[in-house]
Amino acid sequence: MSSTVFDYFTNIRNAFTSIFHGLAVTFSYLFRKPTTIQYPDRIDTPVQQMLPPLFRGILEVDVGLCIGCNLCEKTCPLGCLRTAVVRDPETNQRYITRFDVDISKCMVCGLCSENCPTGAVRHSTEFEASTANMVNLVIRYVKPGERIPVHKPVKGEESPGLPQNEPIARAHKEWDEPPPVDPDQVRGRVRWKNDGAPEEEQSS
Amino acid sequence: MTQLILEDQHGETTMVNMGPQHPSTHGVINLRLLLQGEVIAKIDPIVGFLHRSIEKLGEMTPYPGFLPYTDRVDYLSAMFGNQVYCMAVEELLGVEVPRRAEYLRVIACELNRIISHLIAVGTMAMDLGAFTPFLHAIRERETVNDFMERICGARINYSYMRIGGVPRDLEPGLDKDILKFLDRFEKFIPEFNRLITGNEIFVRRLIDLAVIPAADAISCGLSGPNLRSSGVDYDLRRDRPYSAYPEFEFRVVTGEGYRGQTGDCYARYWVRIDEMLESAKIVRQALLGLPEGDVKAKVPRKITPPKGEVYSAVESSRGEMGCYLVSDGGEQPLRVRFRTGSFTAMTVLPKIVPGLMVADLTAFFGSLDVVAPEIDR
Amino acid sequence: MKELFFELSQSWQLEPLEMTGAIALWLVVVSAIVLSFVATFAGVTSWVERRVAGRMMSRIGPNRVGPQGFLQWMADGLKCFLKEDVIPNEVDKPLFRFAPYLVFTGTFAAFAALPFGYGIVAADLNIGIFYVTAITALVVIGILMAGWSSNNKWSLLGGVRSAAQIVSYEIPSGLAILSVVVLAGTLNLQAIIAGQGGFPWDWYIFNNPFTLMAFFIFFASILAEGNRTPFDLPEAESELVAGYLTEYSGMRFVFFFFGEWANLWVMSALITTLFLGGWQIPGVADLAGVVAGVQGAAKTLWILLSVVVFFAKTLVLVFVVIWIRWTLPRLRVDQLMVMCWKYFVPFGFLCMMGSALFVLIAQSPLGETVHLVVRLALTGLGGLVLLLFVRRTILNVRELQDPFYFKVLE
């Protein structure tokens, strides 16, 4: 390793000084505050409130704002969203009959929320979605059988747009519910990509 | 150099599988080793454990929708995947990106380079048995991650850029926080150096080890820090300028002048340390000179680039990251192909490794800063 | 301890046959005491190590089980004892089963001759230091056995590395010990301590430049023998997965770690004994005389005080070893050997010769004065390094503008 006598002693000196400095650095950390955040229980504010407003958490849908344009469904590269709109032939009123988000597939990329013209679909600051049953991760924002009239933005009135700059309330936490046991219910909640036949409503 | 002479040892050889589950293969890579004692006689890198067919997915996803996938090409420097893809599509479309957006991209990319290099030097120290530097590097990285979260909403898979710019402007007050962090960071690096870089054991482990001569580095297609540490002064940011890089002043770090030879593991390590400081400089310049204006050019919602092919390349933290895009005029690319630095870095293994010891292999492998998913994609 | 036993047995006036039984009982009691001490020490140290390491890495460390996570070691121990003891199919079963106990025995047996305080020693051997170095070498057989029998290439590499390492480092550590032995003129650990004094300049470390050098050599080589970082090559997890431990699980795994942490005490106690004045209380020139002079509670108190001093020094050293572990990277195998043969062995010889020379100098006329000056100068040097260190530490905290924050418990 070392070729000359000088190198030999330089090595020894270097070893001592560098170890001295290294030890001083590690020792100095005993006198600094640890950076650990003791998630989840020993923190002053919940992590959800510490996140920046832009944080892309689990998708949250305000169906009341949805105009049923279906853009989000088309933009999503994974097909996590599934919407269905029916038109009442008498009143010509359009209703949203289905709005499902499969957050087990979603990669929280933000493309859908950006493309939504009214800001109906947006990211919450919620990120804890562990569940015992993956089926629970399909969130149905419109309960089966429910019909929600589409939102009609008033001309000239500012649409809510992307409310990204203010913290969003915690998302609907369907995954906290116990896993469904009723097989019919399970079938109803299984991924739509696999359940074959489309439902009676046509997505517009 | 610890090239032990293999002919001296007439013993039998042992075949060992290093990986796919091994603490220091940085992901799922299988290195098949033929050992003579502790000396490696032959190495056979087997890749493909992390193949996720990102390129095939690209052929089935519309142009804007493919963007999140580019994060996953190299999860430690997702921003570069974003940028190279956006650059390719923008070139096909002929879209001019606003200057402010270019600046924001540069800021994000250079912060990402800091993140990635912190991991690289940290894991390298850990491969050599020192845990504390790794955690210290991770701590600084977490701070940058927090900024990333404020810039783009995610910590790892940023999906920050969009075709034609970036989706949002900087949050107010963020630039001040980043500048404050950079001040701290420039003091943290000397402390880190005192802790590990200058440590005599660390230096002795790395200097003169696994020297990649410049000619070999070029012929194996190495790029990025690995190429520069061999003394080749080549940096896409300067030599094939893209984005807003020509407007910044920075030094291209090459592996000359450190202890040991040019092209050894220690040079590779130092190049990364110095590049972090250079990145900090670029971020500072960009933040101070941030132009006003739009952050996103007008692009149609449905992107259908004209027929043609394009190759764009950026200097990612692991070398040249290139994106080759063929369009047939449809909504989806006909072909997307990524050129990544880690894959070419693997090709240098069989050339350099025989003659090293097992312990050296982990050091060498760490110094190449290979990220497994980037190899396979 | 032996004296205590004989005192007791005489006061009870036992028959010869009863005497044999009493001795057997005595042995059981003593080893039980030592065993429980070792177990507790190993456990508590594992907790301390994790907490210290955590703070050095800017983390907190285990703090959930019990107050401040103090019961973590019990929980871990319990978990490991309840875990399935996996014995892979192709291993050499008898050897695989036996190896952990051998490792543990090697370390544990060393406790028999280690002093804990004035007169507190299980067996006051007159070749104590020799016994300790010899018996701890048993560990290498256990490790080699574990490495071989695991039928795993990484384990085998670890085992072989360990054997080479421990055997080589016996030499510098032996030489460093000899340079102390030359000064003390005895191999008895209690007598070596008795030859030192209470104040730092009376310790053997600052006795002359050569013992100072010997101190560092001994420290490094004993780290190497104990497989601690920066010499933890046999279990280098970034290279060898876990070295000879790879295939072990459950209770047997715990036994290896028992051995490792018990070894921490052995190392530190040996260094304290040889170089740092052992149980010598500062300001008390002749502890033996003092203890002989008093009776009853006073005597117990004096002995207790000596135990406290000894423990304090040893625990500081334990901390230093832990601290080094979390600071330094690991050497490579050939560097390890280079360091041993090219640096430590020559310097070890130098130390031994130098100390012998110094004994001669100290005996010459004027030698007393020269010796005192040298001792004070070396102590001053030590103090200076300490001061510089404190300064450097404060600068480190200041530089990053972190506020000073000191809380032992988080």
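In order of appearance the chains are A, B and C, and numbering begins at 1 in each one.
As a convention for this text, a contact is a pair of C-beta atoms (placed from the backbone, for glycine too) under 8 Å apart; a residue touches a chain by one contact, two chains touch by 3 or more.
Note that this is a predicted model, so its numbers are computed, not measured.
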**Prompt:** Chain adjacency by touch: line, ring, star, complete or other shape?
**Reply:** complete
**Message:** If I average the CA coordinates per chain, which chain comes out farthest from chain B?
**Reply:** C
**Request:** Can you figure out the chain closest to the middle, judged by Cα centres?
**Result:** B
**Complete:** Whole-angstrom distance, CA centroid of chain B to CA centroid of chain C, is 44
**Fill in**
So, in whole Å, the Cα centroid of chain A is separated from that of chain B by 27
**Message:** Roughly how far is chain A from chain C, centre to centre by C-alpha average, rounded to an integer in Å?
**Reply:** 53
**Request:** Give me the residues of chain C that touch two or more other chains.
**Result:** 56-59, 326-328, 335, 396
**Message:** Two-or-more-chain contact residues of chain A, please, as numbers and ranges.
**Reply:** 1, 19, 21-22, 24-26, 35
**Request:** Would you give the residues of chain B that are in contact with at least 2 other chains, written as numbers and ranges?
**Result:** 132, 139, 191, 194-196, 199, 201, 204
**Fill in**
Listed in rising order, the residues of chain A that touch chain C in the complex are 1, 8, 12, 19-36, 38
**Residue numbers on chain B that touch chain C, as the complex places them** = 2, 14, 16, 22-24, 35, 38, 125-132, 135-136, 139, 184, 187-188, 190-191, 194-196, 199, 201-202, 204-205, 357-362
**Request:** Note which residues of chain A are touching chain B in the complex, please.
**Result:** 1, 11, 14-15, 18-19, 21-22, 24-26, 35, 51-56, 71, 75-77, 107-111, 114-115, 123, 164
**Message:** Using the touch definition from the top, list the residues of chain C that touch chain B in their complex.
**Reply:** 53, 56-59, 153-154, 157, 161, 229-230, 232-233, 236-241, 326-335, 396, 399-401
**Message:** List the residues on chain C that touch chain A in their complex, please.
**Reply:** 52, 54-60, 323-324, 326-328, 335, 338, 342-343, 385, 389, 392-394, 396-397, 402-406, 410
